[in-house]
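Same chain, two partners: chain A is paired with chain B first, then with chain C.
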Partner chain A sequence: MKPFFINMGLFQARLNDYPSSISPALNQIYGDCQPKEMSDFTVSLAPGSIVRKYLRPQIVFESNTQIPFKPLPFSQAYALLEWGLNWCLATHDFNHLLLHSAVLVKNNKAVLFPALPGSGKSTLSCWLAINGWKLYSDEMAVINTDSLTAEPLYRPACIKNRSIELVRGWQPDATITKVCSDTAKGDVAHAKFQTWTEYSCLQPVEIAGIVFPKYDGDLAEEQYYTIAKSQVFEELCQHAFNYHVLGYQAFDTVWRLIDKVKVFEVHYSNLDFMDEFLLDEVVGHGE
Partner chain B sequence: MANKFSFENLVQAINWPERLTHLSLHEWEHILFVLKTSRLEAYLAFVLRDLEAWDSIPEQVRAHLSAAMVYAQRQNDQVFHEGQEIHDLLVAQGVIPVFLKGAAYIVAATNNAQGRLCSDIDLLVKEGDLATSETTLLNNFWYHKTITDYDDKYYREYAHEIPPLYHLTRGTVLDLHHNLFLPVSGKAPPLDQFWQGVQLQECGLYTLEPAAMFMHSIIHLMLNEEVVYGFRDMVDLKCLAQQYDSDAFWQRVEQLAAESHFETELKVVMTLLNTWFGSAYPVKPYEGRLKRGKLQLLVRIYKYALIPEHPALHSVRSGLARFVVFVRGHSMKMPPKVLLKHFSIKLWLGVYNWLRGDSTADAKPVDLGAAFKR
Partner chain C sequence: MATAGGKGLYIRLKDGISCRSFSDMSGLAFFSARTCETFFVHQSLKRAINLAEPSNEMSVDEFIDHFHDGQLATVNELEARGLLVRV
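Presenting the complex of A and B:
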């Protein structure tokens, strides 16, 4: 089988073995990327065992002889691949600070959205990506520990349940993979909002703000708060994938970052408000 | 090095790291994957960093090596931190805690310390101090995970260590030993000589003397039924041998080997060190034909068994050799009667749990948050 090269920009994975059922999704998301000579990760998706190839088929993610997760039902293969790639990055890149956070960019300024699952982070990412923002990353903020800039990744956004229909409604021709049903997170699909050519033009950008979004559909009026720096510090440390490995460097990076950016917690029900708010308060309206 | 990566390429990388700068990116990719699996990436990264050649290594490769160094350095720091805490706790009770293997290399700052990863901290105390040590640790944030009654009995009655201890908040794993090999085997070495040479290192923690560290590493490598990181262990031994190479050192090693009856194991390792790393340590051949034949056979088996378990290096020979090592390791550990009992119980428990549907795998369910915090 010919390997499929997944160039995520900063990193490349060589996918050696995979079921043909994920080919459409692979081509949708990474079909246009330009492979590099050297891959940083070697990964494969294979049936759990010969028995499990036929009986309630399962799929196993493997990376360079390591199997980090339990097998999943065969139909969730593509979602497992994306999660596996997250794992690869988080357990191998100790040159950057990695935060569990979305990164959106406008007017050459980045906003981080660190958030817990269920806070509407990915839905917000997609909406902003459709409305003139650049999606640098949906899942993982890659932060340069010297310059404190955010690096772009060529990865899709992971959308769940009702959001899938929302995104389709906002952009009927959006590139969205086939839905994987009944995963640990419910129904899951992956969506991308830029081509490889567009991605190639992105540069690392300065981080202007950190916004903790909380979606609440019943909210009568939008509310936003500033947060004490010590609390933000604690939150960010908890959201960092590799804080424990980077040690002092992570401490220093998080601290310098908080010291220079604006931080808000925003409770919103209206996405237009969020766009306006970010332009007014965080990244500015540009020239 | 063409597309095909071989074990010889790996050995050459250890012997002549400066030559790696001539590799193409494609060749680097192969060697990095194998180095990661063999747990030698950080070791080589530190070696390369100190060479002039570092700057001529492609940036993409340097990123991997740098990340590996960050990770290893973090573990290194952690060993000192945990080590100091454990040392203080036990010394206050009049116990002398001696760090072994990976932790010992780091504590003693031997030539293989930089980039040496260790999955747990190994500690040796005198058998008479075992109960005090365990109680002290249990009273200070260390705990045992629940294990089956049989496993507990196995550790307590047969083994040279107690069930692993885990740190409540940091998750560090601590193996507390009272011997260097299983007493039930009848092959546990008398420890007087090993204790005699215990050294207080500059950092204030205890380790065995270099010759005893070297000998213990051999015992651990050659008597275990698993040799997953066996090649890394050989690199450890290579570094120690080079660093301490002197008549006094080798005399002491031979004395310890003779007293603990692990002379054959020493000969096997020395032969392989000479073969792979181009050293010329004298290995006295055995007189008798039978013994000579046994030694040759063991050398052949370990030559293949110690090849890292990576698909790029896989061969039927190394698979077979590892199976022989597996069987030999078990037969060394326990007398046949005990071994038969041990296997029967393990098999029965395995079948029982399988039927019950409780085949707990090592892998975790997909949970992004938790899975990343390895």
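Presenting the complex of A and C:
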């Protein structure tokens, strides 16, 4: 089989083996990217074993002879590939600070959303991406440790369960992969909000704020608070994938970042409120 | 008083330890280059603590006075964790 080159912008993976069933999703998400000459990672998706090829088939993600995850049902192959790519970046990029966080950009300023699962981070990211913001990353903030700028990644957003239908409703022609059902995270699909051409125009941008979003559908009125920077520091250290590898450099980078940006916790039920709040309090309304 | 006696009148960062305070005076963060561990003191400060260099020294009283609700227990805990030494 011909390898498929997944150009994520800063990095490229060469996908050597994969089941033909994921070809539609691969082409939907990465079909328009321009391959680079050199790949940073070599990955493959292969059947778990000969027996598992026929009996309740399974799929295994492999990267440069390493198998970081247990086999998953064959139907979850594409989701496993995306999670495997996350693993490749998180365990191999030591030139940037990597935070578990979404990154959205407007008016040439970035907002980080480092949030726990279930906080509505990905749904919020998708809604903002549909409503005029640039999605630099849904899962991983890639931060330049010198300039403290956020770098864009050409990766889709991972949407789950009820969010899949919400995103379809917000943008009926959105590029969304086939749903992988019954994964550890429930039903999962991947959505893309920009073309390779649009992505190619993106530049690293200054980070203006860090917002911890908490969705609460029963909330009568939106609330937001500033948070003590020492507490945000502790949170971000826990959200950094490569903190222990970068050591002092990560400590210093997180401190410099937090000390210069605005930090908020926002409890919301209304997505329009979030857009207004971010423009008013974090990135400004532009020129 | 916490600083009665000659020995232990002053404190400084242990070698390999970095200390940062925040612009909102919300606390301190310490980092150990040896163990790669980070430790936090979430206590509001009156002013930034200047212990940026391991060789910088500060009296125990002065250190405690930086905190609004400063206590000797903070110094003792930081010392027990191997972040500060009494000189």
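Just so it is clear, the second predicted complex is superposed on the first by the 287 of 287 C-alpha atoms of A that agree within 3 Å, B and C clash if a C-alpha of one lies under 4 Å from a C-alpha of the other, contacts with A are read in each partner's own complex, and residues count from 1 in each chain.
We adopt the following convention: a residue touches a chain if its C-beta (ideal position, glycine included) is under 8 Å from a C-beta of that chain, and two chains touch if they have at least 3 such contacts.
Everything numeric here is computed off the predicted structure, so don't read it as measured data.
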State whether A:247 touches chain B only (first), chain C only (second), both chains, or neither. both
On the A-aligned overlay, A:280 touches which partner chain: chain B = first, chain C = second, or both, or neither? neither
Give one of first, second, both or neither to describe whether A:182 is in contact with chain B, with chain C, with both, or with none. neither
State whether A:237 touches chain B only (first), chain C only (second), both chains, or neither. second
Chain touching more of chain A, residue-wise (chain B, chain C): B
Which partner does A:83 contact after superposing on A: first (chain B), second (chain C), both, neither? first
Identify the partner contact of A:255: answer first if only chain B is touched, second if only chain C is, both if each is, neither if none is. second
On chain A, the residue positions that both chain B and chain C contact, one per complex: 244, 247
Footprint of chain A on chain B - complex, ascending: 24-26, 28-29, 33, 36-37, 58, 60-61, 63-64, 66-67, 70-71, 74, 77, 309-311, 361, 363-369, 371-374
Complex interface listing, chain C residues touching chain A: 18, 20, 22-24, 26-29, 31, 33, 36, 38, 40-42, 44
Touching residues of chain A toward chain C in the complex: what are they? 226, 228-231, 233-234, 237, 243-244, 247-248, 251-252, 255, 258-259
Would you tell me which residues of chain A are touching chain B in their complex? 14, 36-40, 42, 64-65, 67-70, 72, 80, 83, 86-87, 90-95, 100, 117, 139, 183-184, 241, 244-247, 249
